[in-house]
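Structure record follows, encoded as C-alpha cells.
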Amino acid sequence: MNVILHRRYRFSASHRLHQPGWSAAENRRVYGKCANEHGHGHNYVLEVAVTGPVDPSTGMITNLADLDAFIERHVLVEFDHVYLNEQVPAFRSLVPTAENICRVVYDRLRAYPHARLASVGLEETGANSFEYAGEFREKP
Amino acid sequence: MNVILHRRYRFSASHRLHQPGWSAAENRRVYGKCANEHGHGHNYVLEVAVTGPVDPSTGMITNLADLDAFIERHVLVEFDHVYLNEQVPAFRSLVPTAENICRVVYDRLRAYPHARLASVGLEETGANSFEYAGEFREKP
Amino acid sequence: MNVILHRRYRFSASHRLHQPGWSAAENRRVYGKCANEHGHGHNYVLEVAVTGPVDPSTGMITNLADLDAFIERHVLVEFDHVYLNEQVPAFRSLVPTAENICRVVYDRLRAYPHARLASVGLEETGANSFEYAGEFREKP
Amino acid sequence: MNVILHRRYRFSASHRLHQPGWSAAENRRVYGKCANEHGHGHNYVLEVAVTGPVDPSTGMITNLADLDAFIERHVLVEFDHVYLNEQVPAFRSLVPTAENICRVVYDRLRAYPHARLASVGLEETGANSFEYAGEFREKP
Amino acid sequence: MNVILHRRYRFSASHRLHQPGWSAAENRRVYGKCANEHGHGHNYVLEVAVTGPVDPSTGMITNLADLDAFIERHVLVEFDHVYLNEQVPAFRSLVPTAENICRVVYDRLRAYPHARLASVGLEETGANSFEYAGEFREKP
Amino acid sequence: MNVILHRRYRFSASHRLHQPGWSAAENRRVYGKCANEHGHGHNYVLEVAVTGPVDPSTGMITNLADLDAFIERHVLVEFDHVYLNEQVPAFRSLVPTAENICRVVYDRLRAYPHARLASVGLEETGANSFEYAGEFREKP
C-alpha cells in the first residue's frame, strides 16, 4: 500500500492570529504582525496525500474526479474566499494557524472512502509549509 | 536607457471587492465570491521594474539596497499583513482590485530618485497578474 | 490604455512536428525527436494578455469570469486533452509548432469584446516560450 | 543510510487512458477526457530518490554523472518524445496511468548499482504527482 | 508529535569540489566541472523541517520568529555570500558537497530548543536536492 | 516580425563585486556583502529572446537546436561552473554585476544568424532579474 498520490488545491482566504484570552500586547508579542486586528490573507496551497493499492483494472489508486469532488465539498466550498476566523465555525474557538488549519482539514478528509488519507499539507507562503499525518497530540 | 531591473517583493494582505453604491446582488454579480463581506486574502507578488543607464563605476542601474529601502518605506510597511480596504487610506474610496492596487503603488513609486520607474506588476494568484506603466486613463 | 492583464490557462495536448511534403529523413533533420511518428505531448501554459482602460466603477479592465468563459469556449474546449494534429482542424494543414499554435489562438481571441487582445504567449516546456502580438508575417 | 538525493528528470510524452476490455462509454466514465482516442500529452517530471551512506573520500552518496547516465539509458531514451501506449512495450498491456508509469520506472531503476533506490516520483501536471517506494500490491 | 513545519531559507555561496589528497586528474574525473580551481556558485535553498506537538494556547509548533533567528545566527550569517571552502571552517577539511553541507548544518541546528529538528534539506539547483535526517553513517 | 521566442539557459558561477580603484570600505558601502573578497555564487538563469518571421515551411522562427548550439558555444562553455572575475576575460576590467553580464552576453549573441536577438535577460536570484535590449548607454 505504498503508492501515494499528492494532489494540490488552492484557496485564497484571510485570517487573524489572535488568542482572545490574551492582552493585545501579548497577542502582538506572540503573533507579530499576524495579530493585526483587521486580519490579512494568503493564497493557501493545500496538498492532500492519499495512498492505497493500485486497482489492476483502472491502474489508479483513486479517481481524481472523486477526490476533487470530495475536497471541493468538504473543504474548498467553505474555505475559499472567506475570512476563516468568522466564516469557518471551527475557527471561532481555535486560532487559525496553519497547524490548526491542517488539523481541521485532516479531520474532514479522513472519511474519504476510496483511498486512505496519508497526510494534509498546507503551504501558507512560498517560505513555509506544514504537514500533518494524524494522531495530533497537544501539550498537556 | 534600456536596461531594466525587475525586483520582486511580497506582501500578504486581505481585501474585499465591493462597490458601496451598488446592491449586494449587483456586487455579487460583478465580483463573484470576491464580494464576500468579510473579505479574503492573497500572497501578492509586487514586481517593480526600473530602468536607466548603467553607472560605469558601479556597473549598476541602481543600488538594490536603495530600491529595497524605498519600496519598504513607501509600500510594504503599509500594505503587508493588513486588510487593504480598511488600513490603506486610498482604498477607502477606491475598490482594491489588482488594477487599482497597481495604480496606487505606481503613484507612490514614481518619485524613486535613483532610476526611472518603468512599470509596476502585481501577481494576485499564480494564474493572473497585472502590469501598469503609467498614464492611467479611465473610461469617460 | 496601458494596464495589461496577464491570465494563464493550461491544457495538456499531444502533437507531432511533421511536414507531409518532406521525406522522413528531412523531417527528422529539421524537427529531431519532435518528428516521432506517434507524436508526444506537453502541458502547455497559455498566457493571454489583454489591455484597456480601467472602468472607474468596477476598478477592472475586464471581468475575469468573462475572459475565462471566452477562452474556454474558443480555445480550451477544443485544445485540451487532444492530439492537435488530428483534432484541431487548423493543424491538418499547418504544422502545430508553438509559433503556429500562438497564431491560431491569437486569431480566435482577437474578437474578445471586453478588452483589446495584447498578446498570446505559449510555454511549451519550462525552458521555452513563445509570444505573439499580431501582424504575423511569413517569409515570402 | 539516511541521506537522500532527489534528482529531477523531464520527459515529454503522450498517452491515452483506455482499458481495451471495456466499452467506449465505460472508458469515458472512468477516465473522462483522458480516454480521448487520439491521446494527449504531458511534460512529465520524474523525481528519482536514492539513498545510502556518504563516501568519506568523495563526500557524495553517488556520482550524479553515474546516476544521470543510468536514468538516461534505462528510462529517458525510451520515454521521451514518444507515445507511451505504442512505443514502450510495457504499456501495450498496462494502462499508462501515472501509477503504472511509476511502477515500470521503479522496476527499471532498482538495479542501480551505486546507491539504493528509495522512491520514484512522477509529476504529471503542477496539480498532481505520484510517489512509489516499492512492494507494489494490487487488489486481489 | 507528527506535525512538521518546513521552512525555506536561501543563501548564495560559492564552493569548489576538490579532494586535496588527489591529483588534478583524479579530482576532475570524480567531480567534473565542479572541480574547477577557482570555484563556482549556487543559490542554495535550505529547507529546515522541525516537528513537535502543537501548543494549544498558541496553535503553533514553534514561533517562526524564534526559528528564523536561530537559523540566521547559526547558519545564514556564516554561509551567505561567502566562498564555503575558505570561509566556513568545517569545509577546510571536508569537501563542501551538498551531502556534507547538510550534515554540517544539521549538527548546528539540532540544539534548536523549541521543537525537534526533523531533517535538513538542501536544494543546490532546480534539478537536485538532498535531505538528511541525522544518524549519518560513513562507509567503513 | 513580432513573434518572440524566449529560451532559458542555466549556469552556475561565482563572482565578486569589487571596484579595484576603491578602498575596501567604499566597496563594502556600495556592494554590501557582494564585496566579500572570496566571492560568492548564483544559479543564473539566462533568458535569450529572439524574434523574426515564421518560416512557412518549418513553422518556426529558428531551430532550437541551432540556437542551443550557438548559446552553448558563445556563452555557456565559458560561463558555467567558473569564477567570472577570473575566468571570463571581459570581467578582468568590468565588474561582473548582472547588468554588465547582460551586456557582455548580448554582444556575444547579436551575431546569431538565424533570427534577430531581441533581448537578454538574467535572473540572479528569484527576487531580481535584469533585461537588456541593446544600445547600452553609460552615464557620461
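Think of it as A, B, C, D, E and F in the order they're written, each chain with its own count starting at 1.
Basically, contacts are C-beta pairs under 8 Å (C-beta built on N, C-alpha and C of every residue); 3 or more make two chains touch, one makes a residue touch a chain.
Quick caveat: nothing in here was measured; it's all calculated off a predicted structure.
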So which chain is farthest from chain D, going by the mean of the CA atoms in each chain? B
Compare the two sides of the chain E and chain F interface and say whether they are made mostly of the same residue numbers, over half shared, or of different ones. same
So, what's the distance in Å between the C-alpha centres of chain F and chain A? 42
In whole angstrom, what separates the CA-based centres of chain B and chain E? 35
Just the number, please: Cα centre separation of chain B and chain C in whole Å. 29
Residues of chain D touching at least two other chains: 126
Here the pairs of chains that touch are A-B, A-D, A-E, B-C, B-F, C-D, C-F, D-E, E-F
Within their complex, chain E touches chain A through residues 1-9, 53-61, 63-65
Chain F to chain B touching residues, read off their complex: 17, 19, 30, 32, 94-97, 99-100, 102-103, 126-139
Complex contacts: residues of chain A adjacent to chain B: 10, 12-15, 33-34, 36, 38-43, 80-83, 86-87, 125-126
